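Presented sequentially are two complexes of subunit A, the first with subunit B as partner and the second with subunit C.
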Partner chain A sequence: MTLTISPIAQHGMLRCDPRTKLAFTLTVGCFCLTSAGGDAPVMQQARGVLICCTFLLLAGSGRLKQALAMGLFSVACVGLAHVTAHWHGTAAWFSTMSLTMWMQMLPSGVAAYWLMATTTASELTSALQRMHIPQAVTIPLAVMFRFFPTAAEEQRAINDAMRMRGVHIRGRKANRMLEYRVVPLVANMVRIGDELTQAALTRGLGARTERTSIARIGFHGLDIVLLTACGACCALWALTAFGVLS
Partner chain B sequence: MSTINDSNRQPSTRLAANPDDNGNPAGSANTASATSPARPESPRATATRLGPRDYITIGVYTVLYFVMISIGALITHLIPVGMPFAGFACGLLGTTPLMLLMAKSQRFGAISIMGILLALLMGAVHGNYYTVATSIIAAVLADLIATRIRTRSNGSTEAPTRSTGVTLASVSVFNLWSIGMFLPFYIGRATYLQQLTARKGAEYAGRLAGLFPAWTLPLVIVLGLLGGLLGGAIGLALLRRHFKRAGLA
Partner chain C sequence: MTGTAIDFCHVSFAYANGAAGLRDTTIAFDAGQVIVLCGASGCGKTTMTRLINALAPQYFPGILHGNVTVAGVDTRTTDIATLAEHVGSVFQNPDSQFFTMNVRDELAFACENLAMPPDLIRERVESTARAYALTDLLDRPLADMSGGQRQRVACAAISVARPPIVVLDEPTSNLDATSINALRGIVARWKREGRTVVIAEHRLSWLDGLVDTALILDGGRVVRRFTGQQWRNLSDSERLHLDLRPVTVQQLRSIRVSRHPHTPTHQADGNSSPAYHVNGFRYRYRHTRHDTLDISDMTIPCGAVTTVIGLNGAGKSTFARCLQGLDRRCRGTLIAPDGARLQARQRLDACTTVLQDVNRELFTESVLAEVMLSQPCENERAALDILDSLGLRQLADRHPMSLSGGQKQRVAIAAAIASQRPIIIVDEPTSGLDLRHMREVSSLIRGLAERGRTIVAVTHDPEFALEVSDYVAQLVDGRLADWYPVTTPGGTAKLLDALVPDCDSPLSHAGDQSPSQRDAGQ
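Moving on to the complex of A and B:
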């Protein structure tokens, strides 16, 4: 499974505004990762709904295989957690630690993957621009969106090259790992970054006027549904916090 | 420098010079400063505002920083008692990209923007909202140290150089963002442990509480500073050995 952000992101059937995606990803992170709202039964149900939504969204945006794989993985985690709940000692520490970590991180990971896989840099930039976020934040963010896949790709290539030369964990030159891995990675990334800078400035990135974009963004039916769901989760949280619901 | 600029800016050449956003002609800045260190102040160092070129650089280095600290965090989280050392490992591995950024973009703002981006990423990935606050605060402090001390100490015509001590102090302070990861154990400790018990079982909560008794907060802070310092030393060595020669720093 390679995480590539193609210039034409696959939207599949479900097309959302980047702002909705951001709000949804943050909500999933807030309630599933940080488990805001404690463990009131209502919140547990809300969390379940959110997790289901995440997987459905990923599947609906043309990434059915990935969604199924991650869904199976999370089901396996839940099953294993039931099995290992009765263990004691170091094995229990390890298993609970890793399983709970996975189970907690997976939903927000899936949401983040959905966000990255279905959003192009220009869509993100124009959405953030409409939110009146200054260029000092939007440009680095767009560059980061563009660069995480590049970094992974470069890292893989360097890994192969260095493995051949014995620079890996069990190789003869394991002590040189930091130097021989980091230096080429940084050098490559800087070079790519310089080229990217030239290209972006040539296309008028630094211009004072407001940028126009052909990216189609705007709120539609699905956005309203998702935003309402996010709002409902926050409302439930507030209600449980004030003791209205239990 | 400003007078030279003003005399150069004839109305006819104003468009071609593109004065604000690109202090330098493309790509030549690094090689020029590497080959002739005795050159008077370069426009890059004297201009006060960050341009799109710097923004792109910041994005690139933030990605690198994030990749490195992810490796550090992964290693420390796989070892059962390694968790308190997460900040230390982040500093050890992540400081090299930070120092490259400091070498490349010497104006106030670069480190702060990196901190804000880090806060956004950590808020989204780690989900701990103390980290958001600490990374912004630590980054702004580090930025102030890195830019203000330098300009104050030599306001003369010498090319502005940041002393090694200031650089190390700045990266150590920047690395203090990592204490945000552990702050829930100290602030509102009882409720956090209660939540943990409910979520992950009493054994897990007890173990974590054993790892982080209340007196360890100064220890975690010192570890964070130390990680930044050691990472800075590694970064300096790498910078001198590789990146300066390649014209990247």
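Moving on to the complex of A and C:
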């Protein structure tokens, strides 16, 4: 099992609009990571629903194994948290701390992973364009999608070259490893960025103020369900904040 | 479209950074022609392509005198992106000319930028994919494709917008014979469709029969102009006089090498010349069922050049990585002449590789430091001697990244010499080199072999392979399909058959490899 993020375009029932995905990921982040809404029982239940949704969405997007593994991990965290709750001393404090941290971070991580793994760069940019976000923002974002895998590949190749030339942790030049790595990496990234820009310009990027896109985006059944859920969470938060619900 | 497609009127271009450009050039190309630009590195042919697609002076700053008119449009007043409707560009490096992650988005990219209606784009993407035999690959990630497939995608991606003019800058540098043949098919198609095709190239024979005009540039000027007929009839001696690589397939096939068969110096008796033996090299990518590489036995004679050839994706680069000992997933040993069995860890210290992209292996702040980094014990005198022997002495204090491509490659070779490791692997050392530089590299490599180093050269370049090889190992689908000394009767013919695109055959789109079979590290 690997956590690859090369996006798989979604089809059928489970396809939803990138804007929905963004809203959902933000909602999960808001309520699970930063615990907005406090400890009100209603909010705890809403959080539970959000977390279940997150895992189901990931599983439904064709990454069943990853969803199961992370689901099991979070169940294990909850179980352990129950056990360590009865402990005392530094060990208890430390384990509670780390388990709580995992439990808070994991749902947002899963949601972000789902967002990345199901959205192609072209879907994302056209969704952002419909939100009237200017090309000055969307184009660099699209480049980033393209750039990270290239940077990773470049990094691997430089690593190989360093091992081949005998620059490694046990070697006599160990103290200069960082410097040696940075020079070719930066030089190559600049060159690749340069070539990428030339290719993009000669294929008309920036010729028009508006681009069109073949990405099929738009709101469907699942979008309505998810956006309603996000709205409901916010509504519950407002209601608890004003003391209507407790 | 008839009439003049591209018109240079007293055009001079000087790069702002001082690099050589183009000087007072007046020339016009008729629409529908295939034009090839040749000449040594730095002669101005790339500048000419950049002037056509307006990258110069709009992206590469510099001073432009005169007028360049492309498809009736002045390139000075039209921006690059708008010119994209008229001019499509294919570049040398297929890795860095993609903007998206999969083939479908890539094909749509140009049309999306030109704000065509989505349904029209979808239709064009489908029809273009059919024409370029990419239908099965439409939803595949670009990262999984071989060099040949990527270059085909690059060609298709500009065809979608149907520009009347196409510019290619050294498009075959990283391609094998089959992929070059496919590219030839694409150029022929463009010609049939009436497009004007301008190609800046060192390798020329793949265009045999397609060229309508050939220009030879030198020092930023057009020094010779040939019609298609004159070009085809260019004699071998005149071609050599002009420092050109073979112009026709026939010229390429008739290259003769005058070299004596490799005679091992330490030969004890007739059968046991010293050699390394590859034993049970196996490599399997994750998530695949078959070995990408499976070589049970292969001989690499000492003090000789063994050339490893094969199509893109046949496992050549994987083999080089395994031999170097870079990958823990690779199994197998290398048996040294003294009987020592070298595992991957020991091979890291027994071999050294001059990478295809030398930028990845130059780490230090000066050429001298680069060479000394490779020495088992630092010795400035010895390092300077090595630099001397490669004509790099005066560059000793320069930063490696500030050198030209050819100089960087020589620095990498100097470092390989300094490492004193017995086996030197060179990966595609001549991609994108003109005749003179290719010869320099091959004589350098011959010299290393004659001084007792064991050389393994991975290459697609037929002329280079002919010049350097003592032995040839041909890989097919990761298996050793053939191994022979070049000097055996019929050896050169076999080598040429494997490396020269067969232009007589129907233009096929063969050469597709599954993603698991593509070369590692490319």
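One rule holds in what follows: the second predicted complex is superposed on the first by the 177 of 246 C-alpha atoms of A that agree within 3 Å, B and C clash if a C-alpha of one lies under 4 Å from a C-alpha of the other, contacts with A are read in each partner's own complex, and residues count from 1 in each chain.
Here is the rule we go by: a contact is a pair of C-beta atoms (placed from the backbone, for glycine too) under 8 Å apart; a residue touches a chain by one contact, two chains touch by 3 or more.
As the structure is a prediction and not an experimental result, all values here were calculated from the model.
J.: Pick one for A:A235: touches subunit B only (first), subunit C only (second), both, or neither.
T.: Once the two structures are laid over each other on A, A:A235 reaches no partner at all.
J.: Determine, under the contact definition given at the top, whether A:A142 touches first (subunit B), second (subunit C), both, or neither.
T.: both
J.: Once chain A of both complexes is superposed, is A:V83 in touch with subunit B (first), subunit C (second), both, or neither?
T.: Touch status of A:V83: no partner.
J.: Tell me which partner A:A187 touches in the superposition: subunit B (first), subunit C (second), both or neither.
T.: It touches subunit B and subunit C both.
J.: Is A:V225 touching anything from subunit B or subunit C once the two structures are fitted on A? First, second, both or neither.
T.: Neither subunit B nor subunit C is touched by A:V225.
J.: Of the two partner chains, subunit B (first) and subunit C (second), which one does A:D160 touch, if any: first, second, both, or neither?
T.: Second partner only, subunit C.
J.: Contacts for A:C52 in the overlay, against subunit B (first) and subunit C (second): which applies, first, second, both or neither?
T.: The answer is neither, since A:C52 touches no partner chain.
J.: Between subunit B (first) and subunit C (second), which, if any, makes contact with A:A69: first, second, both or neither?
T.: Neither partner.
J.: Considering only the touch criterion stated at the top, classify A:G206 as touching first (subunit B), second (subunit C), both, or neither.
T.: In the superposition, A:G206 touches subunit B and subunit C alike.
J.: Identify the overlap between the subunit B-contacting and the subunit C-contacting residues of subunit A.
T.: 142-143, 179, 183, 187, 192, 196-198, 200-201, 205-206
J.: So in the complex, the part of subunit C that touches subunit A is made up of which residues?
T.: 53, 55, 59, 79-85, 87-89, 91, 93, 95-102, 104-105, 108-118, 121-122, 125, 139, 141, 143, 157-158, 161, 321, 324, 326, 348-349, 351-353, 355, 357, 359-365, 373-374, 401, 415, 419, 521
J.: Given the complex with subunit B, which residues does subunit A contribute to the contact?
T.: Where subunit A meets subunit B, its residues are 25-26, 29-30, 33-35, 38-39, 85, 90, 92-94, 96-97, 100-101, 108, 112, 135-137, 139-144, 147-148, 151, 155, 178-179, 182-183, 185-187, 189-190, 192-194, 196-198, 200-201, 205-206.
J.: In the complex of these two chains, what residues of subunit A are touching subunit C?
T.: The contact residues of subunit A facing subunit C are 6-7, 9, 120-122, 142-143, 145-146, 149-150, 154, 157-158, 160-167, 173, 179-181, 183-184, 187-188, 191-192, 195-208, 210-215.
J.: If you look only at subunit B, which of its residues touch subunit A in the complex?
T.: Where subunit B meets subunit A, its residues are 21-22, 26-27, 50-53, 55-60, 62-64, 66-68, 77, 80, 93, 96-97, 100, 109, 113-114, 116-117, 120, 123-129, 195, 198-201, 203-204, 207, 234, 238, 242-243, 246, 248.
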